[in-house]
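What follows is subunit A paired twice: with subunit B in the first complex and subunit C in the second.
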Partner chain A sequence: MNLEGQKIAIGKLLRADNSHFVAGCRVRELETPALGSLCKVDLGENLEVYGLITNIIINDDGLVRQMVSGVSIPSEYTADNRYNRNLPVEIHVLTVGYQSEGAIHHYLPPRPPLSLDVLYLCDDAQLVDFTAHGRFGYFRHILRMMDSPVEELLVCHLGQARAAHEAAGDTAWYPAACKELITLLRDDYVKLASVLNALAELE
Partner chain B sequence: MPVNYFQLHQNLEAYSQKTSMKAAELNTLEEALKKAFGEAALDTGATRARVERAERELPTLYCAKPTAEPMLTIRDAPPKPERYTLAAADGSQIAPNRHRPVQFCVINVGLIKAHHGSGLEPTTDIQSELMDQERLFTVEGGLIGEDTVGLQRDLAERRALLRFVENETGPVVTLTDGPLDVYQGTLAAAERQAPQAEVYEVYQKMAEMGVINAGYIDKPGSEMLTRMLALTQLPEGDLAGYDQLKRSMAGISDARLLKHLFTRTGQRSAIFEAITKTEANRGPSVQAHFFYLNVEQGEPYLARVEFPGWVSERPELVDLLHAVVYAESQVLETHPYPYLLHRAHELAVITFEERVYVEDMLLRQFDQDGLGLGRISNKEVTKEIAGGRL
Partner chain C sequence: MELENKANTGNKPIGYVVGGGLEANLQVRLTVPAHQVQEGAFLVTDSGNWRFYGLVTDLQLGSTNARFADEQSEDRLPQPLANLLHGQTLFTNLAMMPALMMDRGPEPGSPGYMAWRELHPDSAAPIPVKTVPSHHAPVRLADAEDITELFGDENDPNNFRIGETREQGHPVCLDLEKFVKRSAGIFGTTGSGKSFLARMILAGLIQKNQASTLIFDMHNEYGPDSASSDDKKPVSGLKSKFGSKVRLVGLGRGTRFGDLNPDTTLEIAQTDLTPEDVLQLSQALNLKETSATTLDALYNSFHEAWFGEFMKMRAGAVVEDDEGKKVPAPDSVEAWAADAGVHPGAAAGLRSKLERINHRDYLVEAPASNGLRYIVEALKKGEHIVLSFGKFDNDLDYLMVTNLITRKIRDTWEEWTNAYHRDRKPGNEPRPLVVVVEEAHKLLNREMASQTIFSTIAREMRKYYVTLLIIDQRPSQIYDEVMSQLGTRVTGSLGDEDDINAVLSGLAGRQALRGMLAKLQPKEEVLLLGWGVLMPILVRSRRYDSRFWQEVLGENGKGKNVDDINRILGYQDDDTD
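Showing the complex of A and B:
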């Protein structure tokens, strides 16, 4: 198992609990993270927490609100607000598992990351390793989400994971993931229909 | 209860009545001044000559002087150039406080520079100066006050701005908040002469570089035109005895006097020279010129834009300044104010937490060097406990 690839830092931790965490990043760093991407935080002592990006929030303040109503904003000042001013973009992450002593687990970590820990984007190899482990145990964390568009998150995540698996020669992973979702949602027809409808977008 | 609202409430009616009477009085004065301004505008040369005579004859004088432009001039904003550099500076300070455990002064200058037409984000910088220990005290041995710190802050802004733009090419405009001349407050002449001379030197260098340095005064309250009209209303022989502190025509700002002339946003007034002759001001002076600029749609809202005299001798530079400052103020369209000046302020401002942190840095250094640590006053401790900061 190789979870050590090229590390792409995408932000630093603002706040966290065992099941969620929020990282802040500058707009310039926003090119790499995407909704549904798998990311991780290295807590040291051979412990890494994994999560899926569930939301990216662009914050505002009084000056931005005032500028929004302006007729014409010079491009230099748009850039000023994006790159110079101290308004971090918030990346919300759902904790989906952790790695300890080289072993992946799809349940919640013993402790959350700490403030200012660095959030890294997982590369394709790490994504394949994490999602291929076990039997999709991390799906339950996603399906438990209440106030987020679960279907959209699944479409984004499964799309990225499917591409990574297929690039690695594994075409069976995606159908198996869909089958597992159908099993998990068999008692919730409304949500199942909604998820399948969304997944149809990937075909 | 922090305020005795009941007591205040009892005075509201009388306060409002007095305000109403004062407003009526000022309305009458405003009409008289508008008429006097119109008359003075009929012969700009004669009005200028009257002010120049007053300059020669009076020991002190603070008023406007017409330039070659007709006094009733109103000009629309010209189009701004496609490429130009605009830089702004603003300062803030931690003034020394005898109640704190350690006496220190920090002057912070926020700088921002945009290359318009480049599409790139502006360059920013913050210059922080811990004032030398020996400059913290007056010749009498007391701690320097807010006025001295304000003067040093203004000087630091101008110095930093000069360094910030010295390698720029093409049209360059700089903005500071407030008049071109530095803050003087109630300082003694001896104390302000050296900083004023240095500011003059900075402005001279900017002039040699072709940099247009301007001061932006929002909601200006000055009555320089009213003072000028007071001179024109005097009988010929009474000029030498004129005392500007005893003038009867007071209370109408230039902005209020000129407001009715503006019909569109972006328009500027005629250019005037600011005459600031004081007994102490014997050295070279900034020789600021200014115009009023309407930055709002609908009801006119005037800002004063000050700039050096050499700029007003070149109409193309006045047009450039006019266009740039107007465009800049429109970025924050709902409350027009130059965007970069606001950003410079945002960069410069020192928060309470930062002040405490700087103080801690100093205390740690003192402790490391084996210096005796001063103590915070009991009064300050009590205030901080009450304010929840301790």
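Showing the complex of A and C:
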């Protein structure tokens, strides 16, 4: 299985643990990553950690606070603050698996990425390869999230993955993914109903 | 997967075992739409070396969460998503009543097979279920091979196809040789098709030459051709199809079978009536306890002629003696009583009560022919008798005539069997005899069963090759002791709870079968139960029509003459009347 493809760097790691990591980037680098996108960090030694973007946070600083309370801000000041600010945009990533020696695994990596490792966005081929592996084992990481809107993340991720699979000629992936989600959530009516309502908007 | 490889591949799995037990039935999660399986369907599941056979006794809708069932998610979700949701959260469980299991051993050719074969040299036979299949064992509908395994091959000369499985139309046979070894019953409400079913089984018994049959035909249904009570279409009788192998006997002169004359008329000689026959009518005649003593005395005085002599006596007749004193006349009941040492009042009372019998037209002093002997001899030869009661349709007639005939039969077959056991002479084994009693509750209800010898036949006579086939719509009215002796029970739909309980009495799994019995489709479906079949099975019965007769008698059966039929049936030397 080859996950090598186009590498789009979208940030560098700020902090990490085995299940979660945060990368920082500049605002102008925000054009490509989106909520639910699959991304990866190359740890070297044939080890790549995969994750889904679960949140993108833009923090404030003292200057922004002052500017917000100002009466009128010229547009060039606003642009300058956005693109040349000192604080990075934070990209929060949920670890969903890793690749070692070319083999994909849907469980947590042996060690987290290190600070300043580069975060890359996966292309469609990588997305298809990772999501088609096994039987949707990486869903359990998503469904374990407590403090994020799981439904929205699933809709974003499944929408992107579905498009990639269908572009590759596989129309069975999306129904199979939905079926697996239903199986995993059928004992939690409230959560499943919420997920399905969100997924209904993809149709 | 090993199980799948070993599974009979005739039918694909319809589900898998998810729970249950022997008492509570197995729970099977359906993987096909519920409407593809119906109550009563015959199921097979393989687990390890064992194959289990059972019946669907219930189907229940379920959901992983009640709200998935409550809310119509198809209104809120896109159809594909709703379908996926329903597929994962809504389901149907069926209850499978396990009935039999069979050790099939390891797969032939596998390492353990030879060792197993040495331990089990005989071919495997099903046994009552004693364990359960494992979780997730695949369950499928029985195929033709399974049905043949349990209910026999249609081509076996002892087997008679009674119908087909409802789901896939596999032939279901009744082993007639086994069927006649114990008493049997055919039940069903009016209009359930039990008369047609009885005709078919009788046709099978006659065609397969398994037993002689004596049919007490209360409504002239079995011998002559008639018309269906529902659609007035012509219905073939046994006489027109089997010719001289079936003898029509009318009770008393003038009894006819529709347009047909009887082969003979049954008139009973008074000398054939024994005190025992009369005592069995005690209740119907309201006899007193003293009657037995009086009857004994009568028999001692007049032997076989006791009835005629007794009825010739005058009750209360007196004459004057030499002294002018009134004394009982010499031909009076009282004079005989004084002479025989019985109480005159008891004798006079008995004489009065026997008047009811004396007035029956069929009980005569000197019959033109010996009808009783004719019947017994015909049955011994392997022929079949249909006895019509004609105008004599009250309980007393039924009781007296059936008692007289069956007593005669009992005596003859007991003697025959004892002789056979004594000599073991080849070719002298008694011919099995089935006594068919229509409207059986009239003769076998709790009050009357004690007055007849039918309960004796049901209980004891199978050792003497005589069994009962009772046909009735109210099995709950039949004496428990008789019901408990029935080996095979073939039943159409029954509505009354007591009737259902009566038919299922003594059978394992009756609770599960109860609902099935109440929902049988009239004229279409019957349930086979009891000793004669390895396990209960719901059958779509054969139609009693021209096709049936063509199948039973061969392509030329339609319209063939009696001689042709006899030749086909192997009765070359038949003494056709």
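One rule holds in what follows: the second predicted complex is superposed on the first by the 203 of 203 C-alpha atoms of A that agree within 3 Å, B and C clash if a C-alpha of one lies under 4 Å from a C-alpha of the other, contacts with A are read in each partner's own complex, and residues count from 1 in each chain.
Please note the rule applied: contacts are C-beta pairs under 8 Å (C-beta built on N, C-alpha and C of every residue); 3 or more make two chains touch, one makes a residue touch a chain.
Remember, it's a predicted structure, so these values are computed and weren't measured experimentally.
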{"item": "Subunit A as common anchor, with subunit B and subunit C clashing or fitting", "value": "fit"}
{"item": "First, second, both or neither for A:Ser75, with subunit B first and subunit C second", "value": "first"}
{"item": "First (subunit B), second (subunit C), both or neither touched by A:Arg186", "value": "second"}
{"item": "Which of subunit B and subunit C A:Ser115 touches, first, second, both or neither", "value": "neither"}
{"item": "Partner chain in contact with A:Glu203 - subunit B first, subunit C second, else both or neither", "value": "second"}
{"item": "Which of subunit B and subunit C A:Asn46 touches, first, second, both or neither", "value": "neither"}
{"item": "Partner chain in contact with A:Cys178 - subunit B first, subunit C second, else both or neither", "value": "second"}
{"item": "Touch count on subunit A, higher of subunit B and subunit C", "value": "B"}
{"item": "Subunit C versus subunit B - closest C-alpha approach in the superposed model, Å", "value": "46"}
{"item": "Residues of subunit A contacting subunit B in one complex and subunit C in the other", "value": "none"}
{"item": "Partner subunit B, residues of subunit A touching it in the complex", "value": "63, 66-67, 69-77, 79-80, 82-85"}
{"item": "Subunit A-facing residues of subunit B, complex", "value": "112, 114-116, 118-122, 124, 330-335, 339, 342-343, 346"}
{"item": "Partner subunit C, residues of subunit A touching it in the complex", "value": "175, 178-179, 182-183, 186-187, 189, 192, 196-197, 199-200, 203"}
{"item": "Residues of subunit C defined as touching subunit A within the complex", "value": "64-65, 67-68, 73, 76-78, 80-81, 84-85, 87-89"}
